[in-house]
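Notes to accompany the following structure.
Going in written order, the chains are labelled A, B, C, D and E, and every chain counts its residues from 1.
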């Protein structure tokens, strides 16, 4: 209960989340460099080992070290999630600001695009693409497709904010100070949505990782790259669940869940903190 | 008159969205490397029927004719759009030729619709309820526990939950069926219970995740509402907690959730697809997956077009309903 | 509650599940189990003890109320094909010979050219609605196919069959368009089945066969349609009261199962769970891991062998690595041989199916029949076979070493006797000799500086193996296993998985360089004609143009000449085996395909309710539950003795 | 009626922030008391403490606020500390908030919101009869019955504020506290509302405490005035007396800084 | 300097559609308003209640809202429309500057306030370098009683409302504009500081030769500050003229009503006396005998 009580406290929530995320970034970004062998290669270890000192998380039915495989999977999933989030947030924020601030036909066209893309369920189309392009659907393409479907969320929100911002007096003051439209967007309006953008960024990381792994689990992603999804895919392919090799299938699942919780705590902690700061201003 | 103009405007946008979606759908597969005829031939061949080369060539020609995949891309495009929008005809399924795609979809649609509708409603009601309470009394231990649960549940991907649920409840404790078996005369009580029984786990996996989302969002909403002046005013009028919650906080917390619902429909639909595939649940998701596996062009086009249309329609309906619910917009 | 051997397993699972549930913070409420799940009745309402439950080969059927097998999109794998329809000629998979089905005898050639045949039909058969089966039905079916070009099969039929005429009520005469020494192959089942299904004239003559749904179907074999799931996940068939008037009744006797339920459980986990909980009696293909799980969970479940390798190894198609031989550098046999010697088959075997496979260096599967006819007799030749530089690539001790390794890993039931091991794991395979592989590649113009292979044209040598995504597990895993081998050898190799549609498009149009396939390496009878014919150079097409045969675009004049010879002789000609041997030698030399392993079919059965399934020690049929000959297996099953 | 005895009020528990510092004040029966001061003077905090609204971390650090209410009609006397005033809300004490857009529930019709605050005894019985009573009451202040069927957003700001005044007055309380009730309203509307409040006070013969930063408003309607500055009462007494002869320097500045139409014009200083 | 008036507003109007979602019926926020600001610096007050259209009018002059009818001329050149003579944005901003109602809303919370002044000087080409800009800012700040040193690196939350409004004025002064449009500039400022700002405006008019359009709802400051007053109601100017004339002898009923509603000190509303008379027989106002007479005192 004490732990739960601390959750109400934005900083603690934030720090716990940051701790989890930092842990994953550490595992995903640094540890892969220390892998004793390419964990993707089969039969570098004995098969189906239980966790031990040599193999902290055991080995797969393919003779891969689950621990090192997990570090690689985390790295790739994180990179994918971060890139998808970065580009969708960037594009979304930029287009949303442009639409909201400029108004007129640009706003109409962009708003239509946003609404249209929001209405189109992305997964069927990704499934379609994955199926049609077969194994060619490499991670970068998955990433591009995800960006395509994810920018409208921030764009729509940012547009709404920008619309209200346009009515704020300081924007007019900025204009009378001779500031250019771009500068007004970037220097004057953007700071107000920066906190929100950060939360959105984190959510999009989640969406990116989860969508890729969903595709992977039904066998439609690039099965040869180590991602959390493909790890689950291979584990299920080799019936790890029924064979009670829970560590193999459980490690990526737990990693996803914990990473999600971590990222979620960060994003909600951030928004709580920015709400608190707004109140104190 | 004004109402009509608003509806007309919304309908125009809706129509544009649908056409836009269909256009994307038409071109994506045609850029892909799969030739449906070859896929079909290979399927015939892999079933082991012996045919010599000239027989295969003859079959190839006859398939091209029946599937109507000839003509320039633009011609095919116009035919496609016209056919779908004017006649609602997606042609015959290629892998289950000559069953019309529409027939297959109509068989699957009630399943997806029912699954999504009920699980969304349940999650919505439960999530709003729990979110409201935990937002209202954030310091109580039960609301902390509920929020903790929601935070832990919300990020879990559907497919993980689906897997875990079916292992737990279909195998280790054999409470729910492993596969969908619907029995009972049409419109009988048996049929209903049978459907509920079979839909329970897929539904639960959606409910649990969506529930978490609602709890979090409603809680935030409620926390904000608590600071609202009219809530404060109601409290200063000496109203009891229950009354304030029920008549001041609840309606105001729920109303914005309706717009969120519109935004979430696409995402929830995505979730239901994965769930259906993993539970072998006979809805649209499984049909899409089958179509993918079989390289069934017409079926793919049909199912995905319909998904787009369905989601766009649902979003539009919510958009149209919203002003009728919110008095601030209704009475001007 | 009866004592269940799975209980302690379950208990462990329960603990784990509780842990998982707790970890998820779940607050799931346990429901109650409804009465429908009691074991006396199946959930479709038939007595469990009288019902045989069979795994449906394909996923659920999208159009369950269409059973017109002549429409190309209609799947009849829901029991229709396996139990209710019958072919003119069927296959005895144990003996590897065709047998008469609806026909009374094998066709009798009436002329030297093999263009006219007399086909006697079985007497005393009736359709499930009581109407007699006669020559009129056969003639009607032939004419219907001929007159309905909308049926996909029509063109193929017209191309092969000139006419079918009635001689008397139980005899027809068939004329072919060209010499056809193997008419029973054209009109009867060899592998899986055949498109030619005789239809009841009295039903079909009033319908348009192009649109007729044929539902509920009037059937000819011992079972008739009873019920189905509107979503196509299950189909229930009931034994005909007049089962005596069917070919099964005449040939074998009364089938014991009163009901046969074909059902689809979806993903492999579900199928496995279903069999583990006795909800299904016969499973089609699963992975070895799944079989392992099943055997651990339920001691009533058995594979083809009771011990290692559990799987049936007699599948009529083998798996290997195929090349598009029209694309450099794979157009050079040196390259292909180099790549073959870079593979450690032992590791690949374990990676793919834990070693439960029989290796085959020849272009035909190492089934019991073909091992006796070709592999064993040819092992001497193989051992002496040399490459151009005099290197002897064959390793006859492959099986012995693999056996040792498996024993060392704790696998039980590995024979000690070298001959028994060779019989089990294969006569041998190519050596794993990276040095020789390097030499061959360098001879072919490849260079290797600092561990980086370069093609003769100077570009880096990397390989992409096209592989089936999930729909053919063995080829898929083999692709990954070989990719792993080549990568370790120094050539970066990746696997490109494709769904069926994209996969076959790529294969047919030659839009690939290296692929993990099975299509052209099939045979079941010593007569290799059916698939070997596909290697004829006549079938080579430009890349980009779909090829119906010879997707590897392999041109070998000598091979084509041998195939021409084979075309001209009937299946029972004495030159069949020598010619076949020559063809196989030719294919070894040119190596258009690195043939690797026979297909292992992990086809478990559950003996809780039924026994006398075919198995390695009760080999009256192969375990091809989804073939047309399933009806004969079904008729020989026995109910398990009640406890 | 209310006695504020050497009270210090502030926010927070660990780090106590003083907002009202050792204030003494009496609210008499049947009077209009004004509390004047600029932003941050502590006037709103003092008013909340008097009302007994301790919901958002407000705390009386020292001193007491006690009340003594004689029920109208029966004459039954209730005595309580401000911590227990909650039971008297909308019975003996009611409150008029600053009439911003969001002070009424946007999803509820006005009638319900009037009824909602009434004590049980009022809410029981015939709804139609109650509505008629409310309507009559409103009509007494020039509000039409149709207002009851409106949603808050359909009313103008002035109308909403009059509804709030009416809601507070309908229960016939002994004490009404009004927190900046006319800020952000136009002068014409403001005047109407102030007059309405005065009329209510005269009719019900209860006490009205008016918190406002606008000295003009205090001049017009209050009987007694308290001027607050930085948490302290710097001046208190009859309104007329203060305006005629302000004692404290701050009060003098405030009064002096008000421009008057009949006064000097800046232009004239040219 | 040309002899053209600084600002000529000619029959301008602005139509809005009320009610967003169901379309809406048009209404005139500003309807057929004309006035002229002569070349000599003056304070022109526009007085009206909320909804009278005064803010819309100000925003049209500020080019923030496009008029639907009529023309506005600045120094004899059109402010609106598409003609070649139309004043471009840079020139416009050098000629006209705004001061807005809420000083806490006038600057971004995320930028140091000095930035606004520096950027104004640089963007409007008042200064060619950072140093010159600081100089210009400092000069402007000194004219409102502050200095650049005092605001350097500080953010909005570190200032009081009065200070912020002075900084707003300083910023507006940087390009040495001809016209400053001040929209309710003192309504959010504490009463004790209000007069100092109003006096500051007057001082700027005198010393810098800047004209003011002063938008307010407060008749008393308008009277105090301006040279010319226009009373607006429902989108129209109902009365305009010199403050002394209008406020001493209002000819329109609306103006009179407005004036009567101001809670001025020294003149108690007569309605209050009526109420008291009505309830007099029920009540005696203890200790209040004096207040009945205090209007005579002041």
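One rule holds in what follows: contacts are C-beta pairs under 8 Å (C-beta built on N, C-alpha and C of every residue); 3 or more make two chains touch, one makes a residue touch a chain.
Since this is a predicted model, take the numbers as computed values, not measurements.
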Query: In this assembly, which chains make contact with chain B and also with chain E?
result: A, D
Query: Between B-C and A-B, which chain pair is linked by more C-beta pairs in contact?
result: B-C
Field: Rounded Å distance between chain A and chain D, as computed from the means of their C-alpha atoms
entry: 52
Query: Using CA atom averages as chain centres, what separation in Å is found between chain A and chain C?
result: 43
- prompt: Rounded to the nearest whole Å, what is the centre-to-centre distance of chain D and chain E, using the mean of the C-alpha atoms as each centre?
  reply: 31
Field: Between chain C and chain D, centroid-to-centroid distance (C-alpha), Å
entry: 89
Per-residue overlap in chain A, given as positions that touch at least 2 other chains: 131-134, 136, 220, 236, 241, 257
Field: Touching two or more other chains - residues of chain B
entry: 32-34, 148, 152, 156, 163, 167, 278, 292-293, 295, 332
Field: Residue numbers of chain C (touch at least two other chains)
entry: 13, 24, 269, 273, 499, 501-503, 506
Message: Could you list, by residue number, the parts of chain D that touch chain B in their complex?
response: 51, 53, 55, 86-87, 89-91, 94-95, 97, 100, 102-108, 112, 116-117, 150-151, 153-154, 167
- prompt: Which part of chain C faces chain B closely enough to touch in the complex?
  reply: 10, 13-14, 17, 20-21, 24-28, 30-34, 37, 43-45, 59-63, 66, 71-75, 149-150, 152-156, 159-160, 185-186, 190-195, 210-211, 229-234, 263-267, 269-270, 273-274, 276-277, 279, 471, 499-509, 511, 519, 530, 533, 538-539, 546, 548-549
Query: Can you list the residues on chain D that touch chain E in the complex?
result: 30, 38-39, 157, 186-188, 190-191, 194-195, 198-199, 202-203, 205, 213-217, 219-221, 223, 238-241, 243-244, 250, 253-255, 257-261, 263-267, 269-270
Field: Residues of chain A defined as touching chain C within the complex
entry: 41-43, 47, 61-63, 131-136, 219-220, 223-224, 236-239, 241-244, 246, 254, 257
- line: The answer for chain E against chain D in the complex is residues 43, 49-50, 190-192, 194-195, 198-199, 202, 206, 217, 219-221, 223-227, 243-244, 247, 257-266, 268-269, 271-272, 275-276, 278-279, 282-283, 285, 287-288, 290-291, 294, 297-298
